[in-house]
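Heads up, the next two complexes both have chain A, just with different partners, chain B and then chain C.
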Partner chain A sequence: MNYLDLSIRDIHQALVEKKVTPLELTKEALKRAKENKDNCFEMILEEEALAFASTLTEPEADNLLWGIPYLAKDNFSTKGLPTTASSNILVGYKPLYDATVIAKLKEKKAVLIGKTTLDELAMGGTGTTGHLGITYNPYDPKHERMIGGSSCGSAAAMAAGIVPFALGSDTGDSVRKPASYGGVIGVKPTWGRISRYGLFPFAPSLDHVGYFTRYAEDAAVLLEALSGRDVMDSTSSVKDVDAYVAESEKELVSPRIAVLDDIVESIRDNAIRDAFLDSLKKLEEAGAMINHIRFGHDLLESIYATYIVISCAEATSNDANLDGIKFGPYYEGKTYQEVMSQARTKGFSELIKRRFVIGSFALMRENQDVLFLRAQKNRAKIVERTNQILADNDFIFVPAAPTVAPKLGATSDKLSDEYLIADNHLALGNFAGLPSITMPLGYENGLPFGVNFMGRAFEESKLLSICRTFEKITGICGDYYGKEGK
Partner chain B sequence: MKEINLDVLKDAAHRLLFDMSDEEYETLLSEFAVLTKQMETIGKIEGLEDYEPMTFPFECETTYLREDEPTTPLSREEALANAGSTLDGEIKLPKVVG
Partner chain C sequence: MNFEAVIGLEIHVEMKTKSKMFSSSPNGFSREPNTQVTPFDMAYPGTMPVVNKAAVINAIRVANALHMTIDRLIRFDRKNYFYSDLPKGFQITQQFHPIGREGYLDILDRDGKVKRIGIERIHMEEDTCKQLHFASYSLLDYNRAGVPLIEIVSHPEMRSGTEAMHYVEAIRNIVVYTLTSDGKMEEGSLRCDVNVSLRPFGSDKFGTKVEIKNLNSTKNIESALDYEIARQSAILLSGGQVQQETRRYDEASGKTVLMRVKTDAVDYKYFPEPNITPIRISEEFVRDAIDTCPELYDSKKERYVSLGLSPVDAAIILDNLAMSQYFDKALGDGKYAKTVSNLLIVEVNGYLNKNGLTIEQFPLQPEILYLLAKEQEGGFTHKQVVDMFHYCVENEGAKPEDAINALHIAKQSSDDSLVLSFVTAVLDANPQSIADFKAGKDRAQGFLVGQVMKMAKGKVNPGAVAKVMAEELKKR
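For the complex of A and B:
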C-alpha cells in the first residue's frame, strides 16, 4: 500500500499523524509521472514541486488538501510557468497571474507537480490533437486506444494513478467522457459554481472548470475547496457554497432517478447496456425510484450539431486575440496583418483552423439566422426539456459513453444514433449548465466504462450523495491501471 | 444558407487571418458535407420560432459595485514580457501609414 493511493481524507490522516510527509508524497507522484509513457505531460514541475513540498512541515489538521500532490490541465494560467493549451501559438507564453483555482489550491498548500496535455485549445474529444501528439489510455499499454479529451493528460494521469486529483475543463464532455474511458470520476459542477478566471476560454457559454478524482468523497472535498464567488469572473455565482463533504455523507431518501431510454437504446455495446441495466436494479434495491423517460429522439439527435455551431462560433471570436503580437511566437511580416497571419497559420493545427472556419461560416450574415441563432434557439428548447424532466426527478442517469475507449484511428458513422446521441449527449449538462458527474461502472475486456448522473443547478450536495451511494454499489473505489493488488 | 465551396472557405480562412494547404481545404470541404447533414437535425426541430436564442445557461446575478480603490496595474515590463517584438518599451509592428 502506498499513501498516494488512498482517498484524500486518508492521506490527510496519514499526513497529520506524520506517517508520511508532503515531500515523500510529492517524490512518489513525481516518480510515477516520470515513469509514465502515456504522454500525459506538457511539463513536470519537479524542481518547483519539491521546493514547495519541502516547506510543508507543520500539518494543518483542518485542511484536507494540505500537502496533496495534483496536476492541472495546461489551459489553466500559472504565474511565471509556461501555459500552452497544447498549442504552438502559445509556446513560450508565461502568464502574469494564477487562475483562481490554481490560486485557491496554492492557498490550501496542495502541491502542483505538473501541467497536463489537452486537445489543442481544449477543442476536441480524442486526446490526439495537442502539439505534443497523442495522449494514450493507460489501460492499453500497446498504445492502440485513446483516453479521450480534451482533458486527456489529466484523465490519463489519473487512470495511471499518478496523483489523487487533477484539474480539467469541460465544454461539451471534456472531463466526463475521458473519465469514462479512464475508469475515474469526472466532475463538472453547475455553470458559475467554480470561477473560470485564468482558464483559457473556448466557448464561454458552455465552458466549465472540472476535475478528476478516484474516490467519490474526494469529489466533494474538491468542490468545497474550489467553489465560490470570484469578483474576477462576473459569471461566477454569488450563491453560498455548501458543506459538500458533510452534506454528501447524508444518504438520500428514495431519490427519483430518470433514465433516458432513448439514450440507452442508442447504445449497441451489450456489455455496457447490460451493466447499466443491472446498476438500475441495484439502485432500486438501495431505495431509489427509477423512472424510464423518453427525452425525444429528434431533440437528442440535434445536440451534436447545436454544440458544434455554438462552440465553434464562440471559439472563433474568443481566439481572435491569439495573434503572436502580445504573446506567443512572433513572426516578421510587411504589414501587421501579415504578422498575425503568419502566427496564426503556423501556430494553429489543421483541426483548429477547420473549427474556426465552421464557426465563422455559422456567423456569416447570410447564415446567422439559419445556423447560429437557430442553434441557440434549439439549445433553449433542449434545456427546457431537460429541466422539465428534472422538475419531477432528482437526477438524470445514463451511460456516459456508448463504448469503452475507442481504438485510435477507428472511424464511426457520424450520422448514426450511436454517434449523434450516445456519444454526444453529455453536452446536455453544458447547454443547461447543470452539475454532472461521471462514475466508473465496470470493465469490458479490462477496459473501463462509466455512467453519468446529472442533477439540478446548484444541487451538488445531492448529486455527490448519489455518487457516494453508487460507489458503494459498484465497489469500484480508488482504482487505476496497474494498482497493486488489482 | 450561403453555398459552400472552396472559394467561400478560403475567404473565411483569410478573414480569420490564417491560411491552409489545398489538401486541408479539401478535408474541410468534405467535413462540411457531413456537417450539413448534421445541421439538418436542427432544421427539422419544429416550433423554434417560439424560443429566444439562449446565450448563457442562466442569468448571473452580478449586482455589486467595485469599491473605488486604487490598485496597482501591470508594470510596463510585465505587460511586454510575453511580446516577441518590442522597442523602447512599446510593442513594435510594421508601419500602418507612411
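For the complex of A and C:
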C-alpha cells in the first residue's frame, strides 16, 4: 500500500499523524510521473515541487489539501511557469499571474508537480492534437488507444495513478469523457461555481473548470476548495459555497433519476448497455426511483452541430489575442498583418485553423442568422428540455460514452446515431451549465467505461451524494491502471 | 447654394474614471508608457473583463443629460477584427444594446435659433492601445488600452458646419460638467468623426457620404465642413459624383484631403460578450446616478445670469470647469456675484496668465475673493481692492482686513461737506491755479484735485472731489 493511493481524507490523516510527509508523497508522485510513458506532461515541475514540499513540515489539521500532490492541465495560467495550452503559438509564454484555482490550491498548500497535455488549445476530444503529439491511455500499454480529450494529460495521469487529483477544463465533455475512458471520476460543476479566471478560454459560455479524482469523497473535497465568488471573474456566482463533504455524506431519500432512453438505445456495445441497465437495478434497490424518459431524438442529434457552431464562433474570437505581438514566438514582418499572419500560420495546427474558419464563417454578417443565431436558439431549446426533465427529476443518468476508449485512427461514423447522440450528449451539461459528474462503472476486456449523473444548477451536494452512493454500488473506488493488488 | 448638407457626428469621449473600463489598471494620462497595464489590458490568456461601475454611472449621467432612454440591462458585445493596436483581437462594446437610446440636444443654428438635434445612441466601450510609427518599426503603449470610452452617435440632422460646431461644444460641456471627461479635443480625450453628404433641397434621399477625421478643435469642425460642403457642391454642380471616402482635415491649408476610398464595410462579426453576464441595474441605481450628477453647464449658466452676470461673462467662466468650480465657491451667498466675476475674469486671470499658472494652482482661497468683492461693494475703490487682492495673493492666509492694515488703505469718503471743506482750503491756498484755470489751462483743475487728495490723504473719493471742484471753480 502506498499513501498516494488513498483517498485525500486518508492521506490527510496519515500526514497529520506524520506517517508520511508531503515531501515523501511528492517524491513518489514525481517518480511515477517520470516512469509514465503515456505522454501526459507538458512539464514535470520536479525542482519546484520538491522545494515547496520541503517547506511543508507542520501539518494543518483542518486543511485536507495540505501537502497533497496534484497536476494541472496546461491551460491554467501559472505565474512564472510556462503555459502552452499544448500549442506552438504559446511556446515560451510565461504568464504573469496565477489562475484563481491555482492560487487557491497554492494557498491550501497542495503541491503542483506538473502541467499536463491537452488537445491544442483544449479544442478536440481525442487527446491526439497537442503539440507534443498523442497522449495515450494507460489501460492500453500497446499505445493503440486514446485516453480522450481535451484534458488528456490529466486524465491519463489519473488513470496511471500518479496523483490523487488533477485539474482539467470542460467545454463539451473534455473532463467527463476522458474520465470514462480512464476509469476515474470527472467533475464539471455548475457554470459560475468555480472561477474561470486564468483558464485559457475556448468558448466561455460553455467553458468550465473541472477536475479528476479517484474517490467520490475527493470530488466533494475539491469542490469545497475550488468554489466561490471571484471578483476577477464576473460570471462567478455569489451563491454560498456548501459544505459539500459533509452534505454529500447524507444519503438521499428516494432520489428521482431520469434515464434518457433515446441515448441508451443508441449504444451498440452490449456490455456497456447491460452494465448500465444492471446499475439501474442496483440504484432502484438502493431506493432510487427510475423514470424512463425520451429527450427527443432530433434535439439530441442537433447537439453536435449546435456545439460546433457556438464553440468555434467563440473560439475564433477568444484566440484572436494570439497574434505573436504580445507573447509567444514572434516572427518579423514588414506590416502588422505579416507579423500576425506568420505567428498564426506557424503557431496553429490545421485542425485549429479549420475551427477558426468554421467559427468565422458562422459569425459572418450574411451567415449569422442561419448559423450562429440559429445555434443559439437551438441551444435554448435544448436547455429548456433539459431543465424540464430536471423539474421532475433530481438527476439525469446516462452512460458517459457509447464505447470504451476507441483505437487511435479508428474513424467514427459522424452521422450515426451512436456518434451524434451517445458520443456527444455530455455537452448538455455545458449548454445548460449544469453540474455533471462521470463515475466509473466497469471494465470491458480490461478497458474502463463510465456513467454520467447530471443535476440541477448549484445542487452539487445532492449530485455528489448520489455519486458516493453509486461508488458503493459499483465498488470501484480508487482504481488506476497497475495499482498494487489489482 | 442649391444643395442641403446632411451632417451626422460620432463622438468618442475618454472617461476620466480612476480605473479602466474592464480592469483594475489605473487610468491616467501622460505617464511613462506601458506602466498602467494589467494582464487583461495586454490580453493575456485567461484574463476576464470586470465592468467598471463608475463608467456605468458616467454613461447614465450623460445619457440622462441627452434625454435618452436608459437600458436597465447592461450588456456588452464583441467587435472582432485584427489590428496591431487591438490587444484582444476584439473590442468589447455595446453593439446590440447601447446603454442609451433616442435622445436629443438643443443647439443654436447659424441664425442663432434653437434647433433640436436627435441622438441615436450612446454606448460604452474600451479604447485601443496607442501606436507610434517610425520608419522601420512601431511602438505600442498599452496605457491607453482599455481606457473607458463613451460613444455618442447623432442622427444626421445637422445642416451646417456651425451647427456641427455648436453640437460638439454642447456635447463637450455635458461630458465636462458631468465630470465624465476632460473633453479636450486637442489631447484626444474627445474625438470626433463627421459624416457629410449633400442632396438637393426638398429631397428626402441621402447623397453619397464622406467621412472626415482628424478634427482636433471645434473651430476645425466648422472650417472642415464649410470646405467640404463647398467641395461636394462644386462636384455636383459640374455634373460629377461624390465618391464614398474618408478624408482628413489639413489645418494648414484649410482643406480636406483624401485618406482612403471606402470599399465594402468591414464585417466585425459582432456577438454577445460571453464573459460578462447581463447586469440588471436597479431604478435606485439609475436615480442615484442622476441625482448625484454635478450641475450641468446650462444650469450653471442660467444661475450665473440670474445672479447678475452677463451671458458673455458667464460663458467665459464656464469655459473652464475648474474656473467655474472656483467661482461657485467664491460666490458665497451670491450677493456680490457680479463683482466676484469681474475680479475673477480680470484680476485672477491676469495673475494666472502673468505667472503661467492654472486656476488649480492659484494660491488664493475662493472665500477671500468673496471678501474682496464685499469690500469693493462696501466702499473701497476698485484700485484699492486690486491692491488688497495682490497683497492677499502674495501673503498666504492674508485676509482683506490684513491688507487694509498693512497697506494703510482707507475708505474714501464722498461726504459732500467733508469734500467741500478740503476743496475750499485748497482753492484758498492756490489762487494762481485758479487764475490759470480761468485762463483756459484745464490742467490746473487736475492739479487742484491732486492737492485735495494729498491733503485728505486719499480719504476722499476722487470722483466726488472732481465734481465739487468743478462746481467751486465756477463760483470763483
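Heads up, the rule we're going with is that the second predicted complex is superposed on the first by the 486 of 486 C-alpha atoms of A that agree within 3 Å, B and C clash if a C-alpha of one lies under 4 Å from a C-alpha of the other, contacts with A are read in each partner's own complex, and residues count from 1 in each chain.
Just so we're on the same page, a residue touches a chain if its C-beta (ideal position, glycine included) is under 8 Å from a C-beta of that chain, and two chains touch if they have at least 3 such contacts.
Keep in mind the model is a prediction, meaning the values are calculated, not measured.
Participant: Classify the contacts of A:Thr403 with the two partner chains as first (chain B alone), second (chain C alone), both, or neither.
Facilitator: neither
Participant: Report for A:Ala99: first if it touches chain B alone, second if chain C alone, otherwise both or neither.
Facilitator: After superposing on A, A:Ala99 lies in contact with chain C but is clear of chain B.
Participant: Check whether A:Val231 is in contact with chain B, with chain C, with both or with neither, and answer first, second, both or neither.
Facilitator: both
Participant: Would you check which partner chain A:Ala313 touches, where first means chain B only, second means chain C only, and both and neither mean what they say?
Facilitator: second
Participant: Touch test for A:Asn424: chain B only (first), chain C only (second), both, or neither?
Facilitator: Neither partner.
Participant: Which holds for A:Leu415: it touches chain B only (first), chain C only (second), both, or neither?
Facilitator: first
Participant: Which holds for A:Asn378: it touches chain B only (first), chain C only (second), both, or neither?
Facilitator: A:Asn378: touches chain B, not chain C.
Participant: Could you tell me if A:Leu199 is touching chain B, chain C, both of them or neither one (first, second, both, neither)?
Facilitator: In the superposed model, A:Leu199 contacts chain C only, not chain B.
Participant: Where does A:Leu299 make contact in the superposed view: on chain B (first), on chain C (second), on both, or on neither?
Facilitator: In the superposition, A:Leu299 touches chain B alone.
Participant: For chain A, which side has the bigger count of touched residues, chain B or chain C?
Facilitator: Between chain B and chain C, B touches the greater number of residues in chain A.
Participant: Can you give me the overlap between the chain B contact set and the chain C contact set on chain A?
Facilitator: On chain A, the residues that contact chain B in one structure and chain C in the other are 93, 96, 205, 231, 234-235, 316, 323, 325-327, 336-337, 339-340, 360, 364.
Participant: Using the touch definition up top, name the residues of chain C that touch chain A in the complex.
Facilitator: Residues of chain C touching chain A: 39, 42-51, 78, 80, 82-84, 87-90, 138, 140, 267, 269-271, 274-277.
Participant: Quick check on the complex: what are the chain A residues that touch chain B?
Facilitator: Those residues of chain A that touch chain B are 92-94, 96, 191-192, 205, 231, 234-238, 298-299, 301-302, 304-306, 308-309, 316, 323-330, 333-341, 344-345, 348, 350, 353-354, 356-358, 360-361, 364, 366-367, 370-371, 373-381, 383-384, 414-415, 420, 430-434, 457.
Participant: In the complex of these two chains, what residues of chain B are touching chain A?
Facilitator: Result: residues 1-2, 4, 8-9, 12-13, 15-20, 24, 27-28, 31-32, 34-35, 37-45, 47-49, 51-58, 60-62, 64, 66, 74, 78, 81-85, 91, 93-94, 96 of chain B touch chain A.
Participant: Tell me, which parts of chain A touch chain C in their complex?
Facilitator: 75-77, 83, 85, 90, 93, 95-97, 99, 196-201, 203-205, 231-235, 313-314, 316-317, 319-323, 325-327, 336-337, 339-340, 360, 363-365, 368, 372
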